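Below are two complexes that have subunit A in common, paired first with subunit B and then with subunit C.
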Partner chain A sequence: MMTARNRYGILAPPLAMFALLVLLTLIGPMAWPHNAYDMDFAAVLAPPSWDHPMGTDANGRDVLARFLDGGRLSLLVGVVVMVGGLVPGALLGILAARLGGVVDAFVMRMSDSIAAFPPILLAMAVAIGLGGGLATAVLGVILSTLPFFARLMRSETRRILAMPFIEAARAMGASPALIVMRHVLPHSASTMLVQSAAVFGYGIATLAGLGFVGLGAPIPTAEWGVMITDGMPYALTGQWWIAVFPGLGILLAVSAANMLADRLSGLLRGDGEEVRP
Partner chain B sequence: MIRTVLARLGLSLTAALGAALFAFLTLRVGPGDPARLVLGAFASDEAVAALRAEMGLDKPYVVQFVHYIADFVTGDWGKSYAMGEPVRSLLADRFPATIELGLCAFVIAVAMALLCGMVGSYARRDWITRLLRTLASFSIGVPQFWFGLILLMVGFECLGLFPGPVGRLGFGVPPPPSVTGLYTVDALLAGDLATFADACRHLLLPAVTLGLLPFGFLLRLFWANLDDVANEPFVLVGRSRGMTRWQVFRRYVVPNAIVPTLTASGLVLGQMLAGSVLVERVFNWPGAGALVTQGILQQDYSVVQTFILLSAVVYIVANLCVDVLVAAIDPRIARKDTAG
Partner chain C sequence: MTPRTDVKLLAAAALLAVAQSGAAAAAPFVVNTGQAPATIDPAYVCDIADNGYVSPLYAPLLTYARKSVAGPDGVTVTAEDSGKIVGNLAESYTVSKDGLTITIKLKPGLKFASGNPLDGPAAAASLNRALKSGGCGSYYMEAAQTGNTQSIAAPDAGTVVITLKKPEPLVVDALTQPNLGMVDVKTVDANGGKDWLATNAAGSGPYMLKSYQPGVRAEFVANPNWSGAAPLETEITVNFISDPSALLLQARNGGANVTLGMPQQALQSLAGAPDLKIVSVPASRWLLASLPNKQAPFDNVKVRQALSYATPYEAILKSVLFGYGDSFYGPFPPAFATFKEELGAARPYDLEKAKALIAESGVPQPIVLDLAIREGLPAHEQIATILQGAWKQIGVDVRITKLSASAFAEAVVVPQKAGALIRFDGPSIQDPAWLLNYDLRCASPYNTANYCSADAEALLDEALPLADAAKRQEIWDKIAALWIEDAPRIPLYADRYTAVLSADVKHWDFSQDGPFELQLWGR
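What follows is the complex of A and B.
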């Protein structure tokens, strides 16, 4: 028989990956002697060595230092996208489910309209419309996650509000706000957590894609997507290290998030269910 | 049935209208003046005002939005100011390349997902399951454009098996006489096998790259569907009547799991359109997606914005078709829709 501790043990690998990334990117830049923006023209396009474990790029910048800086930015963006999408999205979902009628129809049609755009293209439209740069790109990515959260929260709220104990709470005189706070939120937390983990990875991947086409972080910024663009002209002339390492970083962060989401949902529902945006 | 279709059509129309409104808002709400963006920072205020009037920017937003929709529907998508050509002809020139790439990627993704899903669900060996699960996680976690670059490094630079990022055909190979615009099909129609082989060689790496994400998505879905169906009572009944495990799998499990998977492949279209923007840039594939990245880099946004709204419309139409098809195939869905 499985003990509770064993069951949750499957969360250890993705959590360990996250811990590694967080430690590396928080402490790494302080401990590592090279800076992400210092150019050393004596060591341009140097292959990986003890001094530069990930080599240097075309401007003689240390790729490891840029990798660590970029990782910090990516993790931060992941968190911002996750929270920025979860809070308003969940609020819209609760309002739609609780009020019904016109509000419900409005929220659902709005999220249909947003979800009709392929997410990264929606983020592009927003970034271009608002003038470009990292902040507008992040705003675009957040906007593209709203439908995932709003729809899920709406169906969760409707499911929970239909349960008998809600009727009991109402009979005891609980106000709608109290019911939402005390019953709906706690009972939907696990589902929203799974979705949030998936969105965390999605945010990192999408921002890197935007950086790759020149709509995310501006050029000298150490950001994983931008770094891959930087390395692209050198990838086929032998200097593989510039583009390969940031891509590995994205792969690691996004896979950790997806794995966490999958395993959490497996634990919470008894088996794996599709949660990807 | 007809009621379901009509209701579904209404939803699609509102979604399309909302998407258009959204695209319009991103154009107008931003801090930049579109006329100023076209003419540059050094143009005189009179010139900007004249262009504003020409573009209709001095009219109320509601009028502008109606014009915007009318222009979009009639195919008047504006002009690319960097290239001096109408957006419609630019996109029309580029779409065959994107369609060829997308179709090939789609076929690879669906075929591989069906194959891997069946193997994964049927196999009882742990290492096969684990290998395929890792493959599925990898394909949805890997940044597509980076994966394309890795494929190029290995397939072109190290092994020399595939051509580099030079587009649809090798240097000096003339394109086949245009019938469909798809080089592989055209070459076959012209009976030119050498060109066909060359086009295939150029197509394979970008198509694998573009198909990777849809493959992972469909594989996970199909696998989950297979496992669900395998737990149904009729599977047990089949086994108890003496059918072998393979017979039950082939006759009962796969057909039941395949329908929901194929309907989800409509959803994959959005991923492919977005993916083409990133993947075409890596392979210098001369399609619509590459035109979009070029437009972004040159701050020539009319092409980009048209492509974005167009992809939303294509996505809505594709989903509408899938839903109607599914309702036509499975009467339970139509009944559920009208019931509530």
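What follows is the complex of A and C.
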């Protein structure tokens, strides 16, 4: 039989990747001597070297310094999108499930409306409509995640509210708010955690996509998506390092988030547990 | 394998080789370019690059003579000689002594591509169409002097007479422009007018439009009714490819005979490629950062001067242009005949002087400047980033905004400029009067800096009626000196127009009014 240590051990690789990225982006900019915004026109498009391990870009800026600075922003955006989608989305899901009727129909139709648009297009529409910039881009990405959380939470809440122990709690005089706090939230937490991990990766990737089409962070902010956009024209002329390193950063962060989500999901479903006769 | 089989195989291979060589000779000449035109109606085309797509289809009455220009080995490169106007569809032209009447005699037997006769009445109808269009055609027909045309008439089948209310020598220059190329008005009217002409052609030039997909492709075939020298290529395909990487890949893979609009950094990567040649011609086009001269604190000349000294011109040339450009400072670029080194030399990057000028200005810091760039132009974005970093050192906080093409076009012509703009400037007609009429006049919507100098405008008014080139030059020098002192804009670099040619291209030509004198390009 698989022990609890073994079971949770499968979370170690994605968590280690996260820890590495977080440490790099938090401590790195303080430790690394180059600044993300200083231009050195004597070192334009320099290939990776000991002085510039990730090379320099077209303005002579150190790509590693921008990678570290941009990574901090990208990871922060992932967290903001995750929390910004989770809290209102879950609240709407609980309200829809608990109140039913018109409220349920309204929340679900709103979710359908939002989900009808491809997420990247919706985020682009919001970012363009509200004037561009990092804040509006993040807002657009958050909006596109609301249906993920609202639908899931509604479904979880309805499932939990139908359980016998909820009937018992009601019989003991528990208020609806108390039932939500004491029973619905704890029992749905694991499912929402899995969804949150997936949304974290989605947030980073979508913001990078918006940055790629010029709707992300403003110039000259370092952000992985914007860095890829800046580096693309140089990929075919031999200066691969400008786009490849931020691309690797996104790959690592999104892979770690998706791996964590998958493995958490597997654990919660009981995958790998020995079935007793 | 028998000897007879060998012979058959050899014969088949020879036939195939002959067929392939024939197909190669007949293959269309391919031009890949980064910019697609918004319209191909000559009366409404305004962008200098868009003019180029109109030029092969609509022949003007007059044209500039050509001159030889240095080019790569094995390629004959020519360019327009802006000082010499000659007949094109016109046999001759005369200007009356009072400068009010321009009489143009047409060559006999001219026809439009449709086969309709291109005679005096048809030519007058075409010029009147441009005049009444309300688009750039009107601007060109009147050489910026709105309402100055008394009449355009055809007193007989071979003559067109333009009568002006007051003399304007630049009308003759304007008659060389694609915007005033001869349009078959009968065909246009029969097909529904200007909406039809935006994507179709009713022309008179060396080529006809075989097919056109806006934003995708245009196919040109030689016009059998063209009376001038036969074009070097009978069929030309122009592909509009906005992605610079795709342009580069196509050029590398031999997918185009001519590639236009490639970023300088990509050009640099092709230097030395055995199958490609790069042709680079100095052009009267320049990238500038216009400053909002009427907005505080940029109405303070010291602030504008400080920005001009804090601009790292050499860094821009090195890291953005890779040498395909030149620095200068003043209203006229080096390619202008009226340019003088002592008045237009590059401004040195002098941070200490810039800081001192900011201190002298008395303007509190930080100074905020909104700088707009057109989206989709990585080089402009890179330059904006460089300016942002450089100007920060003198306490100017630059906020960069990327605008869509349409929003940027609006920002260019809005009467009160709210911020700075990075954009190309360059007159179709390389004459200081043509340039200054839109760039210097306080009321001009194309005065992108809202620069108003009563002294400079008075000098311009003084120069316009002068025929003596030396006296005009004296005035241009005075205007240049005033402009340099006022620093209304920052010329970032003078462009060198570049094209990538495949090894089999032997002829290439450059025109200021758009690079597409396609009939002069060929293998």
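Here is the rule we go by: the second predicted complex is superposed on the first by the 270 of 277 C-alpha atoms of A that agree within 3 Å, B and C clash if a C-alpha of one lies under 4 Å from a C-alpha of the other, contacts with A are read in each partner's own complex, and residues count from 1 in each chain.
The rule is simple: a residue touches a chain if its C-beta (ideal position, glycine included) is under 8 Å from a C-beta of that chain, and two chains touch if they have at least 3 such contacts.
Bear in mind the structure is a predicted one, so any value in this text is a computation, not a measurement.
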Combined model on subunit A where subunit B meets subunit C, clash or fit: clash
Which superposed partner A:Gly209 touches (first subunit B, second subunit C, both, neither): first
First, second, both or neither for A:Gly129, with subunit B first and subunit C second: first
Contacts of A:Asn59 with subunit B and subunit C, given as first, second, both or neither: second
First (subunit B), second (subunit C), both or neither touched by A:Asp112: first
Partner, of subunit C and subunit B, that touches more residues belonging to subunit A: B
Contacts of A:Ala235 with subunit B and subunit C, given as first, second, both or neither: both
Contacts of A:Asn35 with subunit B and subunit C, given as first, second, both or neither: neither
Residues on subunit A lying within both footprints (that of subunit B and that of subunit C): 214, 232, 235-236, 238
Contact set on subunit A toward subunit C in their complex: 37, 39, 41, 44-45, 58-60, 132, 214, 218-220, 230, 232-238
Of all residues in subunit C, those that touch subunit A in their complex: 244-245, 248-249, 263, 265-266, 268-269, 312, 314-315, 318-320, 375-376, 378, 381-382, 384-386, 388-389, 399-402
Subunit B partner contacts - residues on subunit A that touch it in the complex: 109-110, 112-114, 116-122, 124-126, 128-131, 201, 205, 208-209, 212-215, 225, 228, 232, 235-236, 238, 240, 243-244, 246-247, 250-251, 254-255, 258-259, 262, 272-274, 276
Interfacial residue positions of subunit B with respect to subunit A in the complex: 11, 14-19, 21-23, 25-27, 29-32, 137-138, 140-147, 149-150, 152-153, 156-157, 164-165, 217, 220-221, 224, 270-271, 273-274, 277-278, 281-282, 292-293, 296-297, 301, 304-305, 307-308, 311-313, 315-316
